[in-house]
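The two complexes that follow have subunit A in common; it is paired with subunit B in the first and with subunit C in the second.
Here is the complex of A and B:
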């Protein structure tokens, strides 16, 4: 880095000695900016390309921008009952799965955090097993099982297969959130006259809420983006947005896939923004700085 | 509020296979402030948590105002606890923290506001009403915790090492404040601490605990003057401890050193002797055993002398301007005689 700076310096201002002291940070800053731009392009480039693509009518190499623009592809997607059906299905499955997952996992998380029972650690760690193995192998063996239970191509079957991907988030994050609430805060609430249920809803839950919210968002996205298991179990009755992508990539012009990708990304962006606003900043985060 | 007495009747508690509290007996009179004093692991916090209802005794009974509360959950007991960490709810303002218990009792809003404001005035915290706990200082958090406990007008106030998170200067001030408030409203109070200074300066009576039992339960002066066991003698204040026998006019230590002591009338046999450093009389050439000054430690308004008499080390407190030669004479003004750890005899005989 310093060799480059030196070289740049000499090329730029060989005569102006007094100015060199100010030029070093200038060059460093230029390199810094370049690096940031590169990183930015690396991360956002594909997304920008995707966004441009979604509005392109004709786009021939080597042009930087499309030859002509169009909203045709958006119309194709919004007018197609098949596509809109998959959008609706996705927005049915993801909330259903999230609610069921929360109903099962949050009480479990509370138990993991507050009670010492035999097999607690083993159980907690074994939840990772669902993420440790190649998912597709797991789904294929599940499919065999589902056939015998008559769950293939059923709503419930899809819900179950999507649940698997959410369990780790929904258990581990709330467990940590509950554990971060000091026991003495609960004792203090008991002491002034609150029964166990009231203690949970007025003290423990509000204090663990930011963590639980993060878990809910991550679970929603995991369910929303789940493609492999949903494809295997749901086809042909339940084609959600991610599984629709398989068909799109093969059967339609690239622009339709681009439009669909953008639609698929909307919940992630909205929810992440929500999480940032309500969890990272503000009073809730501040409240955790308790001694 | 009417003051109520507290009785603990042979309460025991095992935790993790270890006996933490062992048939403990304690009686706190109405309006009295009792300290549970002892080293960590002596069972004092466990005892407090059993009074508050957070732990259930394996045996024995807890009575408040003559009523058996042993089986009651914390929310049903007339006790209020100030926690070591204060345990303020970080998502509620100071006002809401204090008002929480009153609101649970479905009191009218105006009465809640009035009582909260009155109690916050008592602890001197009327500003900060709408601050969150994380925004106020440690001393102020401590006051909020105290106000939250007092606002419910409990019969017994429980304090679990409430000053251990404060710095030294503040600790002295806050403990005086706590004592003053306690006296003003006359509430029966149990105060857990491992700091003997704290215990000696604010309590009516102190229960010194060790191994889950009360070693001695007495007022500060008696505890200091006549520690009932060698444990109490060693734990409360400084103490020289020796083994030896009594002679006609003093004691003879294990190595044969004889140190005179007026009025020591205990009959012969082996004793463990305890002598407070202020009861070691040091003179340049008076009556007494020969000793040499090993070290002088200035302590402000007095100084501590480390002396050697034969093979024994003695610590003595003398005036800070007292000038002494290297070779001195020592005698004891007051000796406590213990046999098998229990006080047998003290000179002069009794505390008036």
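Here is the complex of A and C:
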């Protein structure tokens, strides 16, 4: 294609665009609406259906809404020391795990991004091994190991089990975030006399902060939601909220599980609400492309 | 600086995995002695290794049923996730506007919801007295099939959980394609589907591979979704692993299943690594 033709194409493009945008056929409109409705039902339908159940006293098939309403199940949950204890435990474990994970992974992420050392890519990928071996098989074999280290039923044992689920997020996403900070900016700061620490805290860190925030939130949620390993290692001393859910679903009225679900979802919704912009903006996507 | 996380992974994942593999081959000593002392019905290798545990499991009809169920659910879920994420991501890229924003908002909802809750919500939604059957009943379909506690429900659950990652990866990938390329192709007379096939798809092979491999690995190793949503048998291997360990007290058999899943996942992981390495090598040549 010649330069003239290319220029002509560019000139034609802005004129062509509004024309197609204006004439949206009726069929396309209908399809769009259908797509939105289907996706709404698929994604949100189950959650709404469950949330309504938390306020139901009696609900018989095939009524679209409960026969009668009640807040009794909320009282059941809030009055139960067992349930409230698991809420407290969840809020002890998840922050502890997140802080430890950040402390060990973020310096590593910085090194992965700034230094080219032999085996760098192999190590980054080997961290991903955490995801490839089925968690349950891992926990079974860890359990034996934990018995001999006397970690079964201990706070530290649960912390370790939850920690391994956070390492990929906490390393990969900050690595991409640090890599996205242009070196020229750091060099410029150094040229005007900033020391290495000052460069890191005044230039590198603030620019990488959104990515690190996404990693911290995803790690917090991974630890908060971890149920299987916590159940295997923590029982009977440490029953967190998600582990409680397994018993709730089987042994209690549906409404209790529904109330508990709403409570368990609150931290996730709030935290992801904060990070939404950065997660959607590609911070997460960046982290999964190894360079 | 990279030692702490690598060390944690080596100590608490690498080491148990190696011990687990040794255990499945009949090595009951060392780190496995604790588990082995409590286990029933073990295959012990007196000298070298034995494949007896693998022979037992792969000769078991129920296990084979679970293995096929796992492969089937994985393949179907990956295909649906790819189709849905591509549709939504393309819509976001090519149309934009209010409807696109609505679609992207809806498609990332699962990121906000713990998997345990999602699974429970899904099973109540598709159960005998769930929303789907309630609506069908009120519309006059009195014997509408129940999806809850079937493999179809497991597929629905896995798709629900994995769609956000797919949409995020692909829309980030499609955003990397400059407008001028898309317009040039349209102006040169290419139809929309031709533009997608010849311009957008070739430039987004890597994100597509990442979505497919991560979804597949997630589904293969998943437990919560099939456990809460799926049938009692055949179900995914994640659930049978738990049954062999907790209900039958046969950790060795449980680990055999874990190794089988690991081998499948490692094969898929190799595709991911290959795609990434190839991409960065190409990028290196251009730059």
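Assorted remarks:
Please note the rule applied: the second predicted complex is superposed on the first by the 248 of 291 C-alpha atoms of A that agree within 3 Å, B and C clash if a C-alpha of one lies under 4 Å from a C-alpha of the other, contacts with A are read in each partner's own complex, and residues count from 1 in each chain.
Basically, a residue touches a chain if its C-beta (ideal position, glycine included) is under 8 Å from a C-beta of that chain, and two chains touch if they have at least 3 such contacts.
This structure is a prediction, so every number in the text was calculated from the model and none was measured.
By the document's definition of touching, of the two partners only subunit B reaches A:189; subunit C does not. Of the two partners subunit B and subunit C, more subunit A residues are in touch with C.
When both complexes are overlaid on chain A, the residue A:206 reaches subunit B alone and has no touch with subunit C.
Once the two complexes are overlaid on the shared chain, A:143 sits against subunit C while remaining clear of subunit B. The contact surfaces that subunit B and subunit C form on subunit A in the two complexes overlap at residues 284, 286, 288-291.
Partner subunit A is touched in their complex by these residues of subunit B: 52-54, 73-75, 79-81, 83-85, 87-91, 100-101, 104-105, 132-134, 138, 148-149, 152, 165. Listing the residues of subunit A that touch subunit B in their complex gives 182, 184-185, 187-195, 198, 202-203, 206-207, 283-284, 286-291.
If you check the complex, the residues on subunit C that touch subunit A are 1-6, 8-9, 12-17, 19-20, 23, 31-36, 87-88, 91, 99, 102-104, 106-118, 120-122, 124-126, 128-131, 133-135, 137-138, 160, 163, 165, 168-169, 172-173, 175, 180, 183-184, 186-188, 206-207, 210, 214, 217-218, 220-221, 223-224, 228, 237-238, 241-242, 245, 251, 254-255, 257-259, 261-262, 265-266, 269, 273, 276-277, 279-280, 283. Listing the residues of subunit A that touch subunit C in their complex gives 6, 9-10, 12-13, 16-17, 32, 35-36, 39-40, 42-47, 49-50, 53, 60-64, 104-105, 107-108, 110-112, 121, 123, 125-138, 140-145, 147-148, 160, 163-164, 167, 170-171, 221, 224-225, 227-228, 242, 245-246, 249, 254, 257, 261, 264-265, 268-269, 272-273, 276, 279-280, 282, 284-286, 288-291.
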